[in-house]
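Note that the chains are named A, B, C and D in the order they appear, and that numbering of residues resets to 1 at the start of each chain.
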Amino acid sequence: MSGKIRAQLIGATGYGGLGILELLLAHPNFEISTLVARDDAGRRIDEVYPHLAGRCELVVQGPDAVEAGADSDVVIFATPDRVSQQYAESLTARGIRFIDYSGDFRFTSTEDYARYADRHPSIKENTHDAPSLLGRNAFGVSELNAEAIATAPIVGNPGCFAVGIILGLAPLYRDGLVEGGLVAVDGLTGSSGAGKKPAPLQHFSHLNDNVVPYRMLNHQHVVEAEMTLGRIGASSGATVDFIPHLLGTTRGILNTMHLTLTKSMTREALLGLFREMYAGHPFVRVLDTPPTLKGPVGSNYLDLSAFVAEGGKRAVVMTSIDNLMKGQSGSAMQNLNIMFGLPQTAGLERGPLYP
Amino acid sequence: MSGKIRAQLIGATGYGGLGILELLLAHPNFEISTLVARDDAGRRIDEVYPHLAGRCELVVQGPDAVEAGADSDVVIFATPDRVSQQYAESLTARGIRFIDYSGDFRFTSTEDYARYADRHPSIKENTHDAPSLLGRNAFGVSELNAEAIATAPIVGNPGCFAVGIILGLAPLYRDGLVEGGLVAVDGLTGSSGAGKKPAPLQHFSHLNDNVVPYRMLNHQHVVEAEMTLGRIGASSGATVDFIPHLLGTTRGILNTMHLTLTKSMTREALLGLFREMYAGHPFVRVLDTPPTLKGPVGSNYLDLSAFVAEGGKRAVVMTSIDNLMKGQSGSAMQNLNIMFGLPQTAGLERGPLYP
Amino acid sequence: MSGKIRAQLIGATGYGGLGILELLLAHPNFEISTLVARDDAGRRIDEVYPHLAGRCELVVQGPDAVEAGADSDVVIFATPDRVSQQYAESLTARGIRFIDYSGDFRFTSTEDYARYADRHPSIKENTHDAPSLLGRNAFGVSELNAEAIATAPIVGNPGCFAVGIILGLAPLYRDGLVEGGLVAVDGLTGSSGAGKKPAPLQHFSHLNDNVVPYRMLNHQHVVEAEMTLGRIGASSGATVDFIPHLLGTTRGILNTMHLTLTKSMTREALLGLFREMYAGHPFVRVLDTPPTLKGPVGSNYLDLSAFVAEGGKRAVVMTSIDNLMKGQSGSAMQNLNIMFGLPQTAGLERGPLYP
Amino acid sequence: MSGKIRAQLIGATGYGGLGILELLLAHPNFEISTLVARDDAGRRIDEVYPHLAGRCELVVQGPDAVEAGADSDVVIFATPDRVSQQYAESLTARGIRFIDYSGDFRFTSTEDYARYADRHPSIKENTHDAPSLLGRNAFGVSELNAEAIATAPIVGNPGCFAVGIILGLAPLYRDGLVEGGLVAVDGLTGSSGAGKKPAPLQHFSHLNDNVVPYRMLNHQHVVEAEMTLGRIGASSGATVDFIPHLLGTTRGILNTMHLTLTKSMTREALLGLFREMYAGHPFVRVLDTPPTLKGPVGSNYLDLSAFVAEGGKRAVVMTSIDNLMKGQSGSAMQNLNIMFGLPQTAGLERGPLYP
């Protein structure tokens, strides 16, 4: 009746589900068919999240109470790894497209997936449940893969750290400018990326005023970053030495990335590369000043700047995003827009919340 | 050409100006004629506030470079006390309506204004510069005064603490339910209400993890609260013992208000009073659970709940708002909508940002 | 050999245990006999709390591996309600004194205890396990009960909110100055009072930048406050309407308390009452300015000030403490000093950490 | 009379002065002769800092009211650059030793000082006022220079970022293990390093929940780090690409440092280097787990760990300190202990404040 695109949201009660729910509620072209979640099934979503009072009264359905894809044009899996894999063949067979937040469909071969799964702390089996679909999926870094995303039956939304690393380094790897393909990255992240479930690392008294480095040189998001950067344009491989730091703040990811250039460049030339690559991409802002963590929070922007050390041979690139927006639900919304031929900015006009 | 309402924004570079600027940019019926500010005149607004990159490139005009009201349907004064007073007669004479953030036009008689000015720490002279206009202005508590706001040439936007106190107690005073007209209020506020200017109390190292009570029993916002509550319906006067507490957080005001009822009531009856009074008011949410500070942040909602002590004679009412939205720019936008016959929610659909 | 007082610490791995452990480590007259805890038994305490590296290498013993009171002059129960009750008779029979952090021994009659237990959210049975010992115990508000604490076999350390309420109102109730015995209290607390165990309310992304009121008018600490204040000096009963507010900060409790005086007083007279009552008490600081949350953090101080509304009949008293020090382990240390005839300040000289 | 060492504190009312004041108050061997400061002269120090109530009632003297070094065994300059230079010759001529917080005496030649001064944003003239004394001073990294510090008439306390960088890399540079002498460092700092003076970058509403990179590749602390690391043992020069990040927290500096090793090493071998170098140094804690920002806060510890990437050729070293302790006043106290032949830990036994 409404002519709107009907989206089913699976994993609706985590922070990832909440984020896309709020974007869909405000979107002119989408409507929600069902909210599905294991936790909180049977409760109204505005009881689970009281800040939704007056905005959404849908009742969360348990995964056994509703069929995946029922009465829907698209399914959004805001779920952990190895959930969407199990539904992929059935949905694809029925012609229902889907987007998945986890690593399940970020890789287009079983070999690539296995490398990721080996690194992931909570994946025990590194064989994929729907291997025949790998290759038909698209990796959802919207600015790099829009063409594939537009038509793929399955989109694998990128990891929150990976988006910022990939977009911040893509033109340099593309042009073969990174000495040895090596970059050292310190990622600073708010706690919301770890989701809604209480845990010692996210316990307020521990995390407040704290910075806690974790998964030293071993974070699974590095896999998709190294594969993407290692294969783009003139790149001959990428090694990302990555240290994630959990901050005592809620939202935001700031990546500071150090590399040696294969040739001496001015800062202006470096910034020019970024301006050229991201011209026409509405969510990438190339700034003269260093990006701040809070700059894009609440919006889908990725803020970026770059600096060159004395001598012009060593560079630092910094990117900042809202980890729950461009790092998760915002990218998902952007990809859904691309999948359905809508403007990338539809439903994503909301600016940052500052101060 | 556009048929949009043209708004001039004076005091554009403070947090109050920023808030309404962002709302106007996203509003379907308004456009900005000029940004005016003493500080940062000559700079692009997105240099002053880098998070606006890609959203607004207007250059801030100095107050001497542009006439108040020029080429505008309405003027918004996001300025301190005693600024709009000086422009009031000229604007009114030219038929240009305006809304003011300060206390200049919250009172409709010189006597009332003098009581407020006596209490204000930065007002030296308590005589008003445009006394003949007092009485033609409307006090901008949208939920109580919509009729007057709709036609008044001048609207005095309410103080951030006052909105939450007034709306949280209005039905109780209206029905003569407050014993002795006395209420004890502890107000908890984020630091952004103090604005953008660095000061010792807002210095990060001092305020972080801190709570600093200030203006003990002496805050100027109490004056408008006592006058409004003391004169509503069956009320026979109001005394508000108010302790503001500055919190180490950016946004939000939570008021906890203790009073004795003139008759015993159940909690349900008490909540019923609020539900009745605010039925049809889209921004007041009466909740079963206590409101939280973060619940409405980023939106124009006022969240409210009430509790009754054993015996039914003593009650606690709590209200929570985003001090920069319902406590300032959101109320201003809501009032502008009312002034121009638009739906109160136009341009204010944005929900809270959580987590 | 050392001549030091040997203390066994039960519940060593919670924040309450950690607090007293650190105080004992630095105390000239105490030494630790055993650390006992159910969680983390078998681990070194500096593995549980890495910030203790180089300061303490004791291994935590499980409760079944070591007898309560073994090889000890005193036992400290930093445990939840209904733990120390079970050991009380055995310890007392063996002549081993103990101090308990929970409500088990804050009350000196079974009737009083039952009222508390009825109110406590996690106590199912309101009958005490060692009723014959109630009456031999002392309630550990050091400034009011030093004489009893000095000789009692059992000390019940007070609740964190209760200490600040009781000490902030004691002289007023004592002198019969509180109209109707009624006070309205808004308590603001850091999250560490809820302990170390992850929970939704203490989840960082939820609590950061938030204020969450809870147990509206129903907190169990009120019981000990009402009993103490209701029976002191000329008091004829106390009613405390108490709203606790959980803050997005780690340490500190600030109580703001509103009451009507039975006679008009100046602010100076009011402050004089406090100065008189707490003269010679090294940890109570009566201030001219309002206390801040951060003022005493890291120390055992209770900061206090009071204000009088126009007319002199309505007063506001504010107290601020570090909830883990004066609100818990600091009070426990102070009580242990009293129990063993040491200066109250021994091992408690550490000042606040500011900024 | 007391036999204590008399210390005059110049610059007593900044955070640096406050820090050493509190350490001196609790120190068994020192006493304060005079507090001197331009700001707040004439006020009691516990009025300037109310958290000192009951701990110190000294009145701050203006710099013109008291002679530098009067009635003192040692002078502590907790002052900005170019203050102690002006007093250096007079003090030294009178045989009064001093320690200085700024860069004035961190360098032992006019050439080295000039390189630093060129880089410093607030030094206009890069010529030193007491050049003849350069060479008689000692650079106060206690763990590296104790012998020189013990006898030097002047000690230049190190910069807060520099301490963590130098101690975290010293054994690697000493043994010639750093490929090309190049290290990329991301430093994360709390806001208190910027001191007490309100400024836009330290404005609460701006900094809360934010991370703000600044002085990109251009911070003046790098100069002393590069000189120290470039000249130690087998080192043949050091280049430190340093990005400081200002965090929305009060205390702490965490440095994450990336480098390529000149030979492949295991993590155990790497940690072994640190354990060997810092054996017997009571304030350096080599940890198995990554250091956290909050781990040492409140104490004088430097926490350190190191990690090796796959292949053993690339390493990451992390250090964490309380920027106001080991990064400033704690190092100063440690150096004063060394200067006067006391145990390094005297007056510095206080452990971290956690949670």
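Convention: contacts are C-beta pairs under 8 Å (C-beta built on N, C-alpha and C of every residue); 3 or more make two chains touch, one makes a residue touch a chain.
Bear in mind the structure is a predicted one, so any value in this text is a computation, not a measurement.
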| item | value |
| --- | --- |
| Each chain counted as touching subunit C and subunit D at once | A, B |
| Chain copies touching (subunit A, subunit B) - same or different residues, decided at half shared | same |
| Interface with more contacting C-beta pairs, comparing B-D to A-D | A-D |
| Inter-copy rotation, subunit B to subunit C, in degrees (Cα atoms; steps of 5) | 180 |
| Centroid distance [mean C-alpha coordinates] between subunit D and subunit A, Å | 40 |
| Inter-centroid spacing, subunit B versus subunit A (mean Cα positions, whole Å) | 37 |
| Chain centre separation (subunit B, subunit D; CA means) in Å | 46 |
| Set of subunit B residues in contact with two or more other chains | 15, 190, 192, 196, 205, 208-209, 248-251, 292, 294, 355 |
| Subunit B partner contacts - residues on subunit D that touch it in the complex | 15, 190-192, 194, 196-200, 202-205, 207-209, 248-250 |
| Touching residues (chain side subunit A, partner subunit B) in the complex | 15, 18, 22, 25-26, 49-55, 192, 196, 208-209, 250-251, 282, 285, 287, 289, 292, 294-296, 298, 301, 303, 324, 349-355 |
| In the complex with subunit A, residue positions of subunit D that touch it | 182, 184, 186, 188, 190, 205-206, 208-214, 216-217, 241, 243, 245, 247-252, 254, 256, 258, 290-294, 297, 307-310, 314, 316, 318, 355 |
